Amino acid sequence: MDDLIKHVSRLERGFTEEMILEAESQELTALFLNCTLKTSNFVSNTRVLIDKVVKKFEEQKIECEVITVLDYKVSHGISSEKEDDDDEWPIIYEKMKEADIVIFCSPIWFGVRGSVLQKVIERMIGAYADVDKKNGQYPMYGKVAGVIVTGNEDGAHNVVTTTQGNLAHMGFLIPPNSDVYWVGAAGAGPSYKEAGQKHLYTNKLVEYMSANVPFYARLIKANPNPIDIKKLTTKAKRVSDPLPDWEHREGDEASPTDRERAETDMS
Amino acid sequence: MDDLIKHVSRLERGFTEEMILEAESQELTALFLNCTLKTSNFVSNTRVLIDKVVKKFEEQKIECEVITVLDYKVSHGISSEKEDDDDEWPIIYEKMKEADIVIFCSPIWFGVRGSVLQKVIERMIGAYADVDKKNGQYPMYGKVAGVIVTGNEDGAHNVVTTTQGNLAHMGFLIPPNSDVYWVGAAGAGPSYKEAGQKHLYTNKLVEYMSANVPFYARLIKANPNPIDIKKLTTKAKRVSDPLPDWEHREGDEASPTDRERAETDMS
Amino acid sequence: MDDLIKHVSRLERGFTEEMILEAESQELTALFLNCTLKTSNFVSNTRVLIDKVVKKFEEQKIECEVITVLDYKVSHGISSEKEDDDDEWPIIYEKMKEADIVIFCSPIWFGVRGSVLQKVIERMIGAYADVDKKNGQYPMYGKVAGVIVTGNEDGAHNVVTTTQGNLAHMGFLIPPNSDVYWVGAAGAGPSYKEAGQKHLYTNKLVEYMSANVPFYARLIKANPNPIDIKKLTTKAKRVSDPLPDWEHREGDEASPTDRERAETDMS
Amino acid sequence: MDDLIKHVSRLERGFTEEMILEAESQELTALFLNCTLKTSNFVSNTRVLIDKVVKKFEEQKIECEVITVLDYKVSHGISSEKEDDDDEWPIIYEKMKEADIVIFCSPIWFGVRGSVLQKVIERMIGAYADVDKKNGQYPMYGKVAGVIVTGNEDGAHNVVTTTQGNLAHMGFLIPPNSDVYWVGAAGAGPSYKEAGQKHLYTNKLVEYMSANVPFYARLIKANPNPIDIKKLTTKAKRVSDPLPDWEHREGDEASPTDRERAETDMS
């Protein structure tokens, strides 16, 4: 009866049987991308904090995978495909596309997010060329993001807000209190592993994220966003100046602007 | 029948009759805060862009109110109460608490958000002392935020991401593509009113925001986030270092950390 | 003999007698702008840190003035002139123009610089319309800037870098290690007054700034930058597209772009 | 006679014969680091803009070298030494140490500086462990920095200010108007190569940087900053809390805080 009601309710919102079945049949999965500057041969501070959230997620039966990005060869670039023969970005990208929840985890360096997370964000630009054929939605639509940050000192707000804003622009939903961070006082000092694990503020953020992120992930999995980016783009074109020459290319319907960016040279 | 099914479905998720009835009985309302540096005696560029989103919202029967913040006297400070006799912030704060959707709108000055929006964000710190008595939720939980930005040039990403990140931390839900911005090329140049109104990229963002923000506002109004901040805070305390002296104050349960910040002197 | 040698040396670099005499005859003066959110009736945390630098400056015979910006009525706007009858910005602006060194001091709110400093930066846009008649230099050329920041937590890098970058763009010279900040660990906590005064890292920054800023202030006072902005602008125009209509206004030679911005409506 | 006067004047300021001779005997050299996401097999937009500044510098007899960072293998890390066998960072670092002027050049990606420039900044943290044995000055003291940025759209202020602020903290002097950038209007669009080369604002910035950066580079080469970081650090320690255990390590005099950071694991 429960299932039936949910089912009918969703059908009424215009979703297909297929979409609903897919949502029902899958449990939540979460991918954590650890963008530390080292490989998993070393226990990073960021990883120690990640593990606290993983534990909370697993208590809720969420299937978690933690990836240390530098365990893979990830080339600089802005496409989803291999930039060169060694490039392993597509492996990470595929995992990302399969997850309901993606948590972006980074140390702070000089007040901003580390180069590995920045490289990941750049590679994700390729997703703009990988849209849903029917409605033009970017592949990150339907997913929920979180951000975890550690640093000896200062910069967490910058890393969190820059990353959350970028991710929302790519299609992720950003829940309230979906950030977790630890930083010490001004200047260098002990790291999270030694000094931060019993820090009340950070532990509160762990709790809030671990409640909020799964709640919204379930909510939007059961209630997919029906936005039709293709139609809306066409609508926008009607009230806009005609495209300049550089934008007239074939198959450009879904998201010409951003796809262009992905195809253009890398400045 | 439709209503009945929705009703049952929600009851099953554990919401009370009262919560559901409230959600059903109210239409969506949206508050736009225009943080231009001038009063409404002048037509701001930001306002011209705001009006495009308002029109799209009204087509969806959303009740919209646009406020020019500088039409009110808003003192510098970090509390929700009057900072001085002339202070009219509480009027704006009350409107904000009543809205389902709040859209923060600002010009860019020197690459970052203008001083009026910054002042608004600072006053919103007071909300941390104004939590739900039962579950400790901040008053911005259950609301959806958007950001609208105009500038002659450069800085939109900074304004959008900083603001979205701050708002998520305060309890707002940040939907995908909930930002709208227009900027011209490097350096000064014509403003949005003259040069931006037919700009395709900005018009696309208007469409995307106008589809996404109401969708999620309805979704979370019908499916309130049950997070119990009070309980989670207590849980976090159990695994954390005891509070230092400065944090031991009465009634400190819900969110001591941030409330403290609101009560402390203004640096 | 010492003076003579210096004098000859400067003449050889092409400076006029007048310029040299002016540099010789004046002692260094420093203006500290305390952009706390309160008036000087309260002892701000930022002020306590400011006073440490003032002490070091005074030991070097630098004449220091500390202003609490909120002791003055400063309207929102982007001009150097009074925005309304009560506006006292011109008083502060004049003090700034007379100083050799200007130190911008602000608390952090929500990870970024406070609204009072942002308001100050916005008003300084007016300086682009107040250039040297001969060479078009902005009035902040020939001055050295520093930044002092306090916050319970996180955000100092953002405040410092945003402000230093803005100030360099306005004509200030930014010396190495000309920033001083204190922040506590993640989340709210005790403020600088109670917790930061013996913090080694911050005290080191106080020493470095107090050595560097006066050194460069003396150096550039004795060796003024001969840049001719007017001539360089004319040179740039020769290799650029003709000005669009909105930029064709009289007396536009010195810095049309930024002056335009100052004259345009406030978005 | 000219040389003699200069010589005496400098001796009076306390510089050694050796320091003066070194300054006199060398012409200015400038290193441009092109942090595009591609190798020099492709003509990057950033490179086209770089070449305009190089031309202006060469007209002033400054010896210029342009490096495309991705032509070298640069590993992620925070040290000056090889992070692994293939790592070629030390080659770039040595070039940097030899230059009087270093210009950091980057595309914008998602509103912030690209991952290659971020990686460069991270590697430069190693410089904190490579200080002058006598006075503890960081190796970037005595150098002048500039920043060049291109992007299809929005983000230049963020890249410029973040980078200038970081560099000042490392010891660089940041002159007024030492940034050059080009960005197009909101959203993707044509790149600098096609659309920006005749853009007046950017061409003005090219002129200003090309006048300011060499002026200050010559000025500080002839008048080295005598700051004694070691002595000042000792002075700061006297008024600070004793070092916590993690900071007590050998040979830690010059800059324990930052060196610690360099030695610590990479979060």
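Per-chain residue numbering starts at 1, and chain names A, B, C and D are given in the order in which the chains are listed.
Convention: a contact is a pair of C-beta atoms (placed from the backbone, for glycine too) under 8 Å apart; a residue touches a chain by one contact, two chains touch by 3 or more.
This one's a predicted model, so the numbers in the text were calculated from it and none came from an experiment.
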| item | value |
| --- | --- |
| Leaving out chain B, the still-touching groups | one piece |
| Shortest contact path, chain A to chain D, counted in steps | 1 |
| Maximum centroid distance from chain B, chain identifier (CA atoms) | D |
| Shared interface numbering between chain B and chain A [over half = same, under half = different] | same |
| Which of A-C and B-C has more C-beta pairs touching across its chains | B-C |
| Cα superposition angle of chain C on its copy chain D, in degrees to the nearest 5 | 180 |
| Rounded Å distance between chain A and chain B, as computed from the means of their C-alpha atoms | 22 |
| Between chain C and chain A, distance of the C-alpha-averaged centres to the nearest whole Å | 39 |
| Centre distance in Å when chain B and chain C are each reduced to the mean of their C-alpha atoms | 33 |
| Chain C, residues touching no fewer than two other chains | 110-112, 157, 161-162, 165-166, 169, 187-188, 199-201, 204, 257 |
| Category of the chain touch graph - line, ring, star, complete, other | complete |
| Contact footprint of chain D on chain A as seen in their complex | 36-38, 42, 44-46, 70, 76-78, 107-116, 118-119, 121-122, 125, 150-152, 162, 165-166, 169, 187-192, 194, 244, 246-247, 256-258, 260-261, 264-267 |
| List of chain D residues in touch with chain C within their complex | 2, 5-6, 8-9, 12, 138, 140-141, 157, 160-162, 164-166, 168-179, 198-201, 203-204, 206-208, 211-212, 215-216, 219-220, 223, 225-229, 232-233, 235-237, 239-241, 243, 257 |
| For the chain A and chain C complex, residues of the former touching the latter | 110-112, 153-158, 161, 181-188, 196, 199-202, 204 |
